[in-house]
Amino acid sequence: MTMLASLPQFPWLSLLVLLPLGGALLCLLHSGRAAECRALALATSLAVFGVALYLFVCHGQGEGRWLLYEDSAWISRYGIRYVLAMDGIALLMVLLTAFMQLAAILLAWKVERQVASFFALLLLLESGLMGIFLAYDLVFFYLFWEVALIPMFFLISIWGGVNRRRAALKFFLYTLVGSFFMLVAMIALYQIHGGQTGVYTFVIGELLQTRLTATQEGWLFAGFLAAFIVKSPLVPFHTWLTDALTEAPAAGSLDLTGLLLKTGIYGLIRVAFPLFPNATANFLPILGVLALVGLFHAAWSAYHQDDIKRLLAYSSISHLGLVVLGLAAWQLTAWEGSILLMVTHGITTGALFILVALIRERTATRSMQELGGLWGQVPCLAFFFLLFSLASLGLPGLANFAGEILVLLGTFQDHPVWAVVALLGVVFAAAYMLRLIQGVIWGPAAKERSLPDLTPREWLMLLPMALLVVWLGLYPEPFLAPLHGTVATLLAGGLP
Amino acid sequence: MNHSLLFLIPLLPLFCAVINLLFGMRLPRLFAEVMAVTGVAGAFVLTLIFWGHAEGEGTRAVLFTWLNSGTLDVSFALNFDRLAAPMTLMVTGVATLIHLYAVGYMHEDDDYGRFFALLNLFVFAMLVIVLADNLLVLFLGWEGVGLCSYGLIGFWYRKLENAKAGTKAFLVTRVGDVFLGIALLWLFALTGTLSIDAINDQAAAIPSGVVIALSLLLLLGACGKSAQVPLMTWLADAMAGPTPVSALIHAATMVTAGVYLLCRFFPLVSLSAVAMTAITAIGALTAIYAATCAMAQREIKRVLAYSTMSQVGYMFMAVGAGTVAGAMFHLLTHAFFKAVLFMAAGCVIHLAGDENDIFKMGGLARRGPVELFWVFLAGAVCLAGLPLTGGFFSKDGILLALFTHPDPVYRVFWLVGVLTALLTAFYTFRLVYLVFAGDYRGAGHPHAIPLLMRWPLWPLALLGLAGGLLNLPAFVGGGERLHHWYGALAGREVSASHDVEWMLIALAAAIAAAGWLAAHWRYRSYRPPLENRASRFLLSGWQADALVDRLFVRPFAAMARFCSSGCDRTLLDGTLDGLARLVSSWASMLVQLTTGRLTTYLSAFAWGFLIVLGWFLIKLVNGGGH
Amino acid sequence: MTTVLFYILGFILLAATLMCITRRNPVHAVIYLVAGFFALALMFYLLGAPLVAAWEVIVYAGAIMVLFLFIIMMLGLAPQEVPEGPGWQRWLPLVLLSASLMACSLLIILQDPAAGQEIPDFYLAPQALGEALFSRYAMAVEMVSFQLLFATIGAFLLGRPLPKGEDQ
Amino acid sequence: MTIPFGHALAFAAALFVLGLSCVLLRRQIMMILIGVEIMLNAASLVFVAASAYWRQVDGQIFVMLLMAITAAEVAVALAMVVYLWRRKRTLVADEFNGMRG
């Protein structure tokens, strides 16, 4: 019924996926003309953001499982369909992607080398991310999963830092190996479902009805889990992230931490959990413990870093540990908190990565040993740094707190020990974040030098993020509202 | 008047803080200063206007929904009730005077925008704590004051020690916040609500074991903010901040937030005798600990910081003894006289040429304006508890509550309280003598003291001296106004025979006098500080920092190093690199097959061809043709 | 008569080829091979393929082999190769390989029941061949002609003078 | 003419193995190419014999196409021989090992 109703509608979801793709192609056609490429990329991502905003405002509320659904035959011989489906969670992720991409484009404004390719890759990445967040056919999902991987690989290996080759290869190998398991599990599920019903299909909604034995379910779930856990990343599969985030170019780090990491957790929510409910139920306790281990391990490791970017990379892992913990709690409030935390973490840590890039541009260093006293030299930049750091350490009234407290409140209902342990992690989050703040903006100025404060372009990047951080901290209601129905459905069993 | 206008009380300072933060440095200095003072003074006036709303059940105002998910529904809501109203009045009133003082204090500092913004933001956060209707809003203020404290302790950020002191304060208080957070989660899981009143109403239904645990968690949370043992190490270092900050945050308001929290949850906490005893014990321990430390301190502000901890310890004891009115009474008088002492200390430091060490002062009564000495003395006699001052009555009320408590163990706490009172009188007058008596021993050049740094001291000094009138005990003819104001919230009715009361009063007076006499005997003429092991032990605060360092900080750093280098670098990356090396060594063996020579490839091809043919042959032989 | 002739031609072919592959001088080798191809052409004729026989002589022996000869003479190739290392180490395994290949293939052929049946008398007129070539196999002819075109281009590109520095 | 089909095939096989031996044993590129030509002709012989055996035209047509393709192959191969000669002044196959791993 949903499908029929949405048929005459304008294909907004396809537009979200195809617009950046078109922008990327246009950028390549204009290679050699840097200014045009920049304008083109900005215009494209503005348009995508406009569409996402429109969907948020006009289609944010709806009855039933899906807010928007697009379905048409693609490769019918193998039962592969072109299915894009948007629920409340996808809506938030799409909005976050469109928003962060704007910042990434602005941040990449100063890239000098191979401008057209850089922007084309960024836009291709956006297209891939949109696809991951919207696809509801396994083949389609897998396709975008890999599509999002390739631009990031090139972004790191061409425009990255000193050890970019190694980092890019590590990133590529980890995620590729992970997704290989997913591919195998996917095909196995396809065969099992086809064998049972005679209908060979990759559409997730139909695969939900597959009857699996416990062993089958366990193995298939493990296959999907491999891809999602590596991408999330949970300890001990996280070392690719620290290297990749440290070496990636600024815009790449922003997309990687703000968006690409979320795809793993999103995959859990959208694909793995609904398809394999029994295996999920068995696995949740392990997932919770893994999340806690990750939370603490990363928080402790972060404390020991000198490179700001590496510290932030670890802080990302730590935060995502909390997100996964919320999912493992399998409780409405905790889930909504997790999803909100994904969004807020994307914004705050993304903004911090932007700031690190700006600091690097000005001082040519990312080492806390060589930084300090930025408050006196670049007060506006330092103010934003302070604001986002505080948001990241979970200060009430700023964005991350809203997500964190929901996760903790929800988790405590059924798993008080988890919540208490996670709360202890808050102290360590404060420890490394305060060390970061102290090392970067307080203290004596490392060198007497006059540094330029924020330019209008940089204001344009940071100010909306800052406003959003405060808004999400004080009034997250508009962003929670689309989640209620979706999360309740997913927790109840996830059948459409 | 519209209830939601109540929000103006905290929002006015917030508004001024935001304006100062964003535009403070671009506006004329005068504007920023006026803005800062107006915000707080406006809140004070508003509190007076709204005073009537606090009577009875109080007034609740809801702004908008903050978080709504599942069964959770938290709004930004304020509750202006009888407990909150005096506290609000005190916070805004003292803050107004301290802001005025700060205008004078900061008149040479260039970074005034940030200073006043943070100070106003602090007042906002403090008011949020005081007025919060639910735990989450309270937590917002709770963390907010911590943030402002952090920012203001490290205000002169160019000296790394200041920034480090701020970080330490934030971290140690955050440890306490974790316990408060756990209590918050647990209370929500138990009662399904975060509203403080609703929780207190349902408290009786909670199993007693859980009540004990919850109360202890709340206590630990309070300990963090109020610098009580074991989370007390940050307060002395926090004196690195500007003096108005010490006066406002680290004496009058923020450090008493813990006491206020316990008073807020008194209906819950008082259900458990164990928890009450624990609260009293913590208070007693801190009181005596801090008093001993204060005796050996050399920096004027550190003496006052330790005395603050000690006095807050009294307030904890009062809560533990079951008298909310007594705790709040001491909280109010202490806020007045300790603010005076800090502000006067700021003037003293100015006079001594930015010298902090009391052993390098002396004779300041004659060097500076004479009124300074009188004001400082007014604060000192309150602190020492000389009869008829505000401090005397409030402290006496607490000792009486301890003495009359039915549980005999409270007699021990009472003894500790009495002993602490003796020590307090001693170190207070030690301070007075060392700073004001004798000849000047320092080398600094005095700075002029602006007018604005002088006159805000007077009202506070008078309030401190006359603070006893707030809650004058009945047997000396007082009306016990505060007690009656709180009504049902006031806690246990402390009743004793007049003889006991008179006896205790006489004892308190005698003790204060004894402390004074001891100090007089020891410090009337200058003697250099003792340099023995005991005084070093006390000077370092019982080596608490070293202990924390050894027990927590170093293991944590080692753990961090292990996680980062040991686990990630060596174990995980090392395993993977080893695997990669293994594969690449196989690969280099295989690569030798690729000689690049045509003949090798051709003969390999031929061998393969032979194998295929041989296979066909075998099949033919076996299968006998088609 | 023709039967005997066929076997004689076959042995001439094999003998000439054997001589060809054992000559040190490439010019001699090509000459022997041309002789062998003449014998092969006659065998084609006996098998009823006169046109193919003619083409074998004209195209193979006459054009392709002469092209070989041209190149050999143009480059002035030395008549002998210098073998590396002891001779038998290199030769023996390959000779054994060839021998076993020969044995295998002969065995396979003789095992086949069809091998014993005789080839019937058959004659295909050139017209019939031409008709089939340009009707049923027209597409193949087109493709092969493209192949020739590409080969021409390839040879042309490869024959250009080397860029400086690559010449030793 | 009475020849068993197998004999024709046997001749072809012998020719093929001789060509293969030439390819394997000789080290000069020119001789390797000659070996390839021999093998191709062995294939032609099979086609023609099969064409006669089944009385079909197709075998002969394949030989025609084979010749044309051989011409193309030889043109490129000899051009490469000339190219290689100009690069290294030798045609010994083992001297060219630029593809060594």
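For clarity, chains are labelled A, B, C and D in written order, and residue numbers in each chain start from 1.
Everything below uses one rule, namely that contacts are C-beta pairs under 8 Å (C-beta built on N, C-alpha and C of every residue); 3 or more make two chains touch, one makes a residue touch a chain.
Everything numeric here is computed off the predicted structure, so don't read it as measured data.
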**Report entry** Selected interface, B-D versus C-D, where C-beta contact pairs are more numerous
**Finding:** C-D
Requested in this report: Let me have the rounded angstrom distance from the C-alpha centre of chain A over to the C-alpha centre of chain D, please.
Outcome: 61
Report summary line: For the pair chain C and chain D, the C-alpha centroid-to-centroid distance in angstrom is 5
Query raised in the report: How far is the middle of chain B from the middle of chain D, if each middle is the mean of its Cα atoms, in Å?
Result: 94
Query - Separation of mean Cα positions, chain C and chain B [Å, integer] - result: 99
Query raised in the report: What residues in chain B touch two or more of the other chains?
Result: 603, 606
Query raised in the report: Could you say which residues in chain D touch two or more other chains, in rising order?
Result: 20, 24, 27, 94
Requested in this report: Could you classify the connectivity of these chains, where an edge means two chains touch, as line, ring, star, complete or other?
Outcome: other
Query raised in the report: Okay, what are all the chain pairs that touch?
Result: A-B, B-C, B-D, C-D
Report summary line: Within the complex, chain B is touched by chain A residues 236, 238-239, 242, 297, 300-305, 314, 331-333, 336-337, 372-373, 375-376, 379, 390, 395-397, 402, 405-406, 408-410, 412-413, 416, 419-420, 423-424, 426-428, 430-431, 434-435, 437-438, 441-445, 474-477, 480, 483-484
Query raised in the report: Hey, which residues of chain D end up touching chain C in the complex?
Result: 1-11, 13-22, 24-28, 30-31, 33-35, 37-38, 41, 44-45, 48-49, 51-53, 55, 57-58, 60-61, 63-65, 67-76, 78-83, 85-89, 91-92, 94
Query raised in the report: Touching chain A in the complex: which residues of chain B?
Result: 25, 64-72, 76, 136, 139-140, 142-144, 147, 150, 154, 157-160, 162-164, 166-167, 170-171, 174-175, 177-178, 181-182, 185-186, 188-189, 556-557, 559-565, 567-568, 572-573, 576
Query - chain D partner contacts - residues on chain B that touch it in the complex - result: 591-599, 602-603, 606
Report summary line: In the complex, chain C touches chain D at residues 2-3, 6-7, 10, 13-14, 17-18, 20-21, 26, 29-30, 33, 37, 40, 43-44, 46-49, 51-52, 55-56, 59-60, 63-65, 67-68, 71-72, 74-75, 77, 81, 83-84, 91, 94-95, 97-98, 101-102, 105-106, 109-110, 112, 114-122, 124, 128-129, 132-133, 137, 140-141, 144-145, 147-148, 150-152, 154-156, 158-159, 162, 166-168
